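Pasting in a structure now, in structure tokens, and then I'll have a few things to ask.
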Amino acid sequence: MSTVTSLIDKYYNADTFPRSLGIELLELAPGYARMAMTINKNMTNFHGIGHGGAIFTLADTALGLASNSRGDTAVALAITINYLKPARIGMQLIAEAREEHLTRHTGLYRINIASSEGETIAVAQGTVYRMDKKG
Amino acid sequence: MSTVTSLIDKYYNADTFPRSLGIELLELAPGYARMAMTINKNMTNFHGIGHGGAIFTLADTALGLASNSRGDTAVALAITINYLKPARIGMQLIAEAREEHLTRHTGLYRINIASSEGETIAVAQGTVYRMDKKG
Amino acid sequence: MSTVTSLIDKYYNADTFPRSLGIELLELAPGYARMAMTINKNMTNFHGIGHGGAIFTLADTALGLASNSRGDTAVALAITINYLKPARIGMQLIAEAREEHLTRHTGLYRINIASSEGETIAVAQGTVYRMDKKG
Amino acid sequence: MSTVTSLIDKYYNADTFPRSLGIELLELAPGYARMAMTINKNMTNFHGIGHGGAIFTLADTALGLASNSRGDTAVALAITINYLKPARIGMQLIAEAREEHLTRHTGLYRINIASSEGETIAVAQGTVYRMDKKG
């Protein structure tokens, strides 16, 4: 059985793209992850606000850690994101991914993305496929 | 009426986050955009393949250009992405965003993300809200 | 300003398709609706369980009432439903639609569909477009 | 190996809810189904047009037949529908479900819902989970 520490080594430390964006892990538990990212001036779109891809990356990263946190390999099949408010430069975003449902082969996760003041910026939900254990 | 050249200046050249990932504009027309991105070693997840957030960013960028290509401001409300195959390091991805439907206030776009060999990696669809013209 | 009673006349009593399925209104408030439907033997699919279309209809009906409950006309643009557990014949389903976000022109709603024992059967989220008031 | 005729008996003839709405099967092939439904006055919402649940039921029924057409059992995990135009009373709708991707355990289908004159009314996409064969 993996410990949370070894999961952090295996998943968070090896998650190259999110780390390049400064995404931090705040909390990890079975079926749950909470992560943070600050929108900097390299993460904007042509409207001058946080790019949808950067916000999605934070959500997807939290989903990836939450859904792999039980030690089995899970991959995202489908994710829907709803954008509610713009994320301005300098804003710290917190994503919380929670498991809503789990079967042997599939899982459903809901991700809330809010500013550190608690204002919801986006919500997402993702369906994952859980691969068979190799042994 | 904006020309394609001025649209490129206004949108693509000002799209900071995608440019930081090396995303290139291949073609832009009203309601349509085609863009390319090569998965490099900084864009991977803990499985060692292209991160879902990087692939989504390419799709979202193509959606943003296609939906703003008519000169009005459009913002994404909801996007669903389906991941079909892993994108390996070194793979060049091509995203094509096409307008499926347009009303005065909303639009629907479909985005296909394929390898340069034509293998579909992911598909997405996005609903945008078109803001009123300022003048 | 419409009263809840007149909203029920205007919306629930005129909602022909849901009424043909026996869908009942349990509670209506601004941005909120709770409705019930019992899966009967005419609502099954070829697996002998509640058809996805019947379950969706309950969710969509709750979304329609919740999003029109403020007196303005709202129409659904995009809805995503996730099916979690089968609904068996005779099961009473309760759908609760809650407003998660509202702007002048758009709204986001989350719908939970559970058995009367509280077991979640499906979850959905819908984006609506709010039309301009006529006067 | 099942023949198309036995699939029609097993699936379409046993699909109780769609049959109660008069949904007809026009064509069935591996990974593909085309079906028809006419919006009648019992299928409307409080706006007096075809209810989103009735339109979704047509789409979901086509998805169910297409995804089960290979002889294995498939169940929908997540479906997203985008409504583009109202469906008026008397309008015949044609839904075409096509397989976009298939792995051993999952499948992605795209469903187009159009009037018999070819005007697109809604589009949907569904992710299914394919259960293991029993033998």
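Here are some notes:
The letters A, B, C and D name the chains in turn, as written, and every chain counts its residues from 1.
Rule of thumb we're sticking to: a residue touches a chain if its C-beta (ideal position, glycine included) is under 8 Å from a C-beta of that chain, and two chains touch if they have at least 3 such contacts.
These figures come from a predicted structure and were not determined experimentally.
Using the mean of the Cα atoms as each chain's centre, the chain most removed from chain C is B. Over half of the residue-numbered contact pairs of A-B are shared by just one pair in B-C, C-D or A-C, which is C-D. Computed centre separation for the pair chain A/chain D is 33 angstrom, with centres defined by C-alpha atoms. Distance from the chain B centre to the chain D centre is 29 Å, each centre being the mean of its Cα atoms. Each chain gets a centre from the mean of its Cα atoms; for chain C and chain D, those two points are 21 Å apart. Touching two or more other chains at once are residues 77-78, 80, 82, 127 of chain B. Judged by the touch criterion defined above, the protein chains are all mutually in contact, each touching every other. Across the interface of their complex, chain C is touched by residues 80, 82, 84, 100-101, 108, 120, 123, 125, 127 of chain A.
Within the complex formed with chain A, the residues of chain B that make contact are 10-12, 14-18, 20, 41-48, 51-54, 56-58, 60-61, 64, 68, 73, 75-83.
Taken together, the chain C residues at the contact with chain B in this complex read 77-78, 80, 105-106, 127, 129.
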